[in-house]
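One chain, subunit A, links the two complexes that follow: it is found with subunit B in the first and with subunit C in the second.
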Partner chain A sequence: MAITSYYLFKRILQMAAALLGTSLVAFLIFRIIPGDPVSLMVGPGVTEEYIAQLKAYFKLDQPLIIQYLYWVADLLSLNLGTSFRYGSSVSSLIFERLPATVELVLFTLMIAVFFGVITGVVAAVRQRVNTVIQALTISGLAIPHFLWAIIFVIFFAAILKMFPASGRVDIGVNIQTVTGFYLIDALITGNIDGFFNALQHITLPAISLAIGMTAFIQRTLRSSMLEVLREDYILTDRMKGHSELYIIFVRSLKNALMPVITLTGVQFTFLLGGSAIVERIFGWPGMGNLLFTAVQYRDYTLVQGILMFYTFITITVNFLVDILYTYINPKVEFK
Partner chain B sequence: MTTATIQARLLLKSKKAVISTAVLVFFFAAGLSAPFLPLPDPNKQNLNAIGLPPFWVDGGELAHPLGTDSLGRDVLSRLLHGASVALYVAVAATALTATIGIVLGITAGYFRGKVDDLLMRVVDIWMSFPPIILAIVLISVLGVDLNNVVLAVALVDWTRFTRVLRSEVLSIREKDFVTAAQTIGFSPNYIMWKEIFPNILPTFIIITTLEMGIAISVEVLLSFVGLGVRPTTSSWGTMLADGLNYFRTNPYGVLFPLSATIAVILSLNILGEVLREKIDPRLMVIR
Partner chain C sequence: MADKSTRRNFLSTVGVGVASAVIFGVGGYFLGSSGSRIIERTVTQAAQTATVTRTQTVTQPTTVITTVTETAAARPTRLVIAWPFEIVTLNPYRFSRNIPVESPMATIYDRFLSQTRDLLQVPGVVESWEWGAEKTSLDLRVRKGIKFHDGTELTAEDVAFSLATMKTPPNAYAGVWGVISDIQVVNPSLVRLTLSRFDPSIIAWMGFLDAFVVPKHVWERVGPDEFGKNPVGSGPYKVKSYRPGILELERFDDYWRGAAAIKEVVFKEVLDPRSRAVEVEAGTSDYTLEVDINDFQRLSSLQGLKGVSQLVTDVAILMIPTYYPETGDENVRLAMHYAIDKEAIINNILRGHARVVHTTEAPGYRAYDPDFKFPYDPAKAAELLSKSGYSKSNPVKITVATFKGSFPRDYEVMQAIVAMWAEVGIEAQLEVITIAQHFEMRNTGKMKHAHFYVWSNATGDPINSVGHSQWPNSPFSTWRGLKAANLTDYSGLMNQATEVINPVFLEKDEEKRIAAARQAARWVVEKGLVIPLYQLAQLHIMKRDVKYDPWPQGWVLPYYMSY
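Now for the complex of A and B:
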């Protein structure tokens, strides 16, 4: 079924409202800073005049509502201000590090979907739950990303020395930048050594992020698939003599995936948050690492910009998930 | 499935509950008693005894049963004082989050209407922020302090509580006993707290158990990156950071805080899981 333009329009409006709302919250958070943010940022040993100048620059001498309107106008023009620490524009700093974060998160999603779907289907078809799978699922759901990252750093990087513990590639390995995604760039430019080097570096951070999502997909898919397999149309398929593989992977998987897709939006939000800390542990040069530097130097313009950018990504992904869901699920009504 | 296997399954489940409860009782006891036990000062540095292994390993001393960290501080003492910190955050943050969640969830679910609509929009907006990022940003604004960690957890997680409890209330308020109470003329306050609240208690207990696990992992995470406790407080997170830095010279330094954190978080989750299976009638299927 096609998506009506009315539904699309309504959903886009909702997205705009969410962006406006989050921008208000992000704005207010930085107005509850106890004391004076500017003096906190620049530290001691600065003249009063300079501080007054900065306050005027950040519009801190204006009423709150005016400050907020300026902030929204800045957001719309993607002008997130200038970073104190780096002296360059916040948006250019973020865009520099964006590919690293996006590459890590997309690679994680690929791993999680692949293993989550396979183990979920196996668990549903086998009916009885394997104790090992159950233990893995519970630890996958319960143990946060950063603890997995620490475990992997210790075990695979420090003890077994199978994988590098930090960075995107080894020093000395050059990958020509085309898209900013090292794995893709290395393949495009035919740099096979570079590709495997980048693959080695992304493996541990991606797996530590993927475990939780894999467990989540596995569990959701398993229970929804058990339901779908009991439906009449599957019985009809069986009577028609379709092969079991066809019934499982073609006929029932598509319907069983629906609940997984709806819940992916929320899971993605957790994944993105977790990626920040995993980036920090693995020295991954993405937005998360930038956030920690910004927090450390009390670079509030940069912190605010990064917060808004992360939020923008989650809102966009949730929007896309909704569209995808209505697109592949014929049962959804359009209102 | 035979009755015997079903019974075996149920027994297995209660075994999970027994073990996780035992771990948690131990953790609570350790956290509560740490300040009163005859332990060395967790912050006392001894630069002559840096990076000692536990006593059963060559080079270990009985004076420091679990060894010392990179500044010669006693690991056992720090581990137990770290349990106090984790316990404090778990209880305080969960209590604060639960209070916000209960009040907002019950009133919004019971009265519905415009206030409910507005509240749910706010919840939606709030949930667009990746939780960990929001917590880090809040700490950067509030400052590094244990109580700010508590505040950050509550400010991030109140949405989950509110949303779950509200949807429970929405279905319960349609039940006959609520209509009866309204017909008799009980006040909304009485109905909300004496009639509806006891019925959402099972769900409340489950999400509270899970929230404690979340609060502890947020505290450990923030302390790990230096945004949780002040440097003078010993937390499992700061121990993890120190242990990871000096892993090559003393691999045991990271082992103890890591196992402690995982044991407690896992136990809380398993307990929540078992409670959910036992309490939630919608999930009352033998699997």
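Now for the complex of A and C:
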């Protein structure tokens, strides 16, 4: 057994501690910075009495510790609360927009892993190509994803009109919702036109996000591959007369992938929040716009809910990455 | 070797080609953005193409810049609007909003009263209203023959239910409707409201913000959350589908005012202004608004598109708290105003997309005073400052808060003002804040010496301009923080301000109330308690075959659009 029950128990405790820590930070951070959510909620014509009434309704008139305890009590009953601004439950707002963001992030990861692994392997085994790849990698790392997004939207949407500028599908294209991921939903409902339409929409935002990540993966994998290729067992394989392709893709890559898996896990969680600007540029109706508005209007419960949700996903993904380690390399044990 | 060389050359050529295309394409796009020549464009005609620029004036002046290519084509049945605001719920009561944000709601629902382009309240769902004795009760007569989208008839019960829901916290404007102490359905077409006190603005509010009528039977059956996802209204369009970021509407053929011209309308959430510009340029949207001034001028010059600059009911002001010795000094406050060349700001920074105002009341507002002008007079500013012992060599030092990007060119405007002040002996430091911070600072008495802010008043009623922005009892005035933090009023004007502005809220004779408001609006400027700067314009870009005159209230109303 690569994961012991003691390890599981320890991880669960760590997860609980992380969630508690995040809850404190998420709760305090927007209360420390100036900005009164009630003033942002009401229009002209209201009285001081009504403002006080609203503050009482949202428990904002209570001491911070009491507000926090109320919120934590709700969290423990899996209730993320009600958005100050929209009056809807925070969890329903999150789940409405989450699929769009997750789909974008997963598609981005697919692109980045695919090209990152190929270029990483090639750069490790072909020195002359490596120079070209390194040059491209540096530009990939140097230019931030939102700048790629702006360049792409102007060039490919406005000038060449090759790709749509915004949205998940064209107006009038209906994809029956099953999972909330349009690409998958279109495929499983046999809506091929819908699939290609959704693919066309996701391409530019995903590439904008993937460029930098591809560069990261490429560099990480290259270093890792170079180390693995110097291992004794690879020399033994060569002496046994195995083909170079077998040595690279079967014997080396499997072990060299470990840091890439960690990186991909980290990038997944990073992209969940980090895709906000690209979502905004491409009019992608995901979590980014929701979070942006929540911060702008000091919608405490919505911001806190989103941050807690992200933390939970981060912890879960990290745990899954650990499990994945044990499958890829049975030598890895978590005790 | 030769083979490798050929391949390398080929790759180099492709690489250079792609790079050049990107650089020149994107560069050309940015270069194009700087073109502002369209404003001066004149009529040119070719054999098959007509390029026309026309300027049209309505109550709130509108500048229309059109580049038209006349071609015969079938009229489209759908209009897509690249929408600059998030669409999260269609519950009309839940969240506060600025004026344009409510446009999708105003397309699905009807308000109690309608409003004209001249900001006047006219019959809507409520076909007439009558004040009772002492003006503490109000009879609303409900129009017959209005149908909701589900086919049921709108009645006085729905009007009463909507009002009762609106006044229930935490609905955004419950505080406004809290003045209604009792709602009585007298008969199927008459609702009687009892007010806890006289409120002259209640009529204006019935055609404003969240004053929408919802069907009682649907709301009670599904609850507010579900209603927000699948709403039923009585407006000109009904919801066809709603998913995050996209609201598809279709014409309601039984609409009581008559069916809309365009069959389908889509509000598509595109929050980034440059992306909205790309949407209309690429042709995937037919209409957008709130684009950057550069993009507006560039897109207006493209064939097939036109730009409309519409002055709206938003007034940029400088709020001056008097709890600092410097701004407690009337000479300093007035010098700050005299030193600002508003025309230069409008012409050079806002490219003409604004209009100078002299009080908090813009043209078209009920208390607008065409006879009052506050001149640009830097010599007078220097003279006033010298009376208080300040000069260019010994300037008065202040800090000014501004936003950056919340309103068109807000930061650039303030930079210009700071430079103008420096010329007369006012040394100002700029501090960038957010709108949320502004509210917090205003409420807690922590404002800087002056704050840039944009005050909206689509009702046109002075209560919602000079009233709530300047009245010491208003939670929105600078006085609120002064009182909350128990600070010193160095101007000594707070009590006088209360007396001067009180009639705007309390006077029951409407003519006298408006006259008092006009006087109050003039007084606060003459005392330097506020510096009105300019009335903002809203920039719209639409396909050339879309016929629509934007509303001065800032609404985007597809009902009034056609091809």
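By definition in this document, the second predicted complex is superposed on the first by the 294 of 335 C-alpha atoms of A that agree within 3 Å, B and C clash if a C-alpha of one lies under 4 Å from a C-alpha of the other, contacts with A are read in each partner's own complex, and residues count from 1 in each chain.
The definition used in the following text is that a contact is a pair of C-beta atoms (placed from the backbone, for glycine too) under 8 Å apart; a residue touches a chain by one contact, two chains touch by 3 or more.
Computed from a predicted structure; not experimentally measured.
S.K.: Under the superposition described at the top, does placing subunit B and subunit C together on subunit A give a clash or a fit?
M.R.: clash
S.K.: Going by the contact rule set out at the top, does A:G87 touch subunit B (first), subunit C (second), both, or neither?
M.R.: Second partner only, subunit C.
S.K.: Quick check for you: in the superposed arrangement, does A:I188 touch first (subunit B), second (subunit C), both or neither?
M.R.: So A:I188 meets neither subunit B nor subunit C here.
S.K.: Determine, under the contact definition given at the top, whether A:G274 touches first (subunit B), second (subunit C), both, or neither.
M.R.: The first partner, subunit B, only.
S.K.: Taking the superposition as given, does A:Y50 touch the first partner, subunit B, the second, subunit C, both, or neither?
M.R.: second
S.K.: Looking at A:G283 after the superposition, I want to know if it touches subunit B, subunit C, both of them or none. Which is it: first, second, both, neither?
M.R.: second
S.K.: In the superposed arrangement, which partner chain does A:F292 touch: subunit B (first), subunit C (second), both, or neither?
M.R.: both
S.K.: Who does A:A165 touch here: subunit B (first), subunit C (second), both, or neither?
M.R.: After superposition on chain A, A:A165 lies in contact with subunit C alone.
S.K.: Just checking: does A:E96 make contact with subunit B only, subunit C only, both, or neither of them? Give me first, second, both or neither.
M.R.: Once the two structures are laid over each other on A, A:E96 reaches subunit C alone.
S.K.: Residues of subunit A touched: more by subunit B or subunit C?
M.R.: Result: the larger residue contact count on subunit A belongs to C.
S.K.: Is A:I154 in contact with subunit B, with subunit C, with both, or with neither (first, second, both, neither)?
M.R.: both
S.K.: Considering only the stretches 8-16, 26-34, 98-106 or 170-178 of subunit C, report the one that runs into subunit B.
M.R.: Residues of subunit C that run into subunit B: 26-34.
S.K.: Shared contact residues on subunit A for subunit B and subunit C?
M.R.: The overlap between the subunit B and subunit C interfaces on subunit A comprises residues 33-34, 150-151, 153-154, 158, 280, 292, 296, 298.
S.K.: Within the complex, which stretch of subunit A touches subunit B?
M.R.: 17-18, 21-22, 25, 29-30, 32-34, 129, 138-139, 141-144, 146-147, 150-151, 153-154, 158, 266, 269-270, 272-274, 276-277, 280, 291-292, 294-296, 298, 300, 303-304, 306-307, 310-311, 314-315, 318
S.K.: Quick check on the complex: what are the subunit B residues that touch subunit A?
M.R.: 121-122, 124-134, 136-143, 213, 217, 220-221, 224-227, 240, 244, 247-248, 251, 254, 258, 261-262, 265-266, 268-270, 273, 287
S.K.: Quick one: in the complex, what on subunit C touches subunit A?
M.R.: 21-22, 25-26, 28-29, 78, 80, 82, 86, 88-89, 91, 94-96, 169-176, 178, 201, 205, 209, 224-225, 228, 241, 243-246, 248, 266, 268-272, 274-275, 277-279, 281-284, 434-437, 439-443, 457, 463-464, 468, 474-476
S.K.: Can you list the subunit A residues touching subunit C in their complex?
M.R.: 33-37, 39-48, 50-51, 53-54, 57-58, 84-89, 92-93, 96-97, 100, 150-151, 153-155, 157-161, 164-168, 170-172, 174, 280-286, 289-290, 292-293, 296-298
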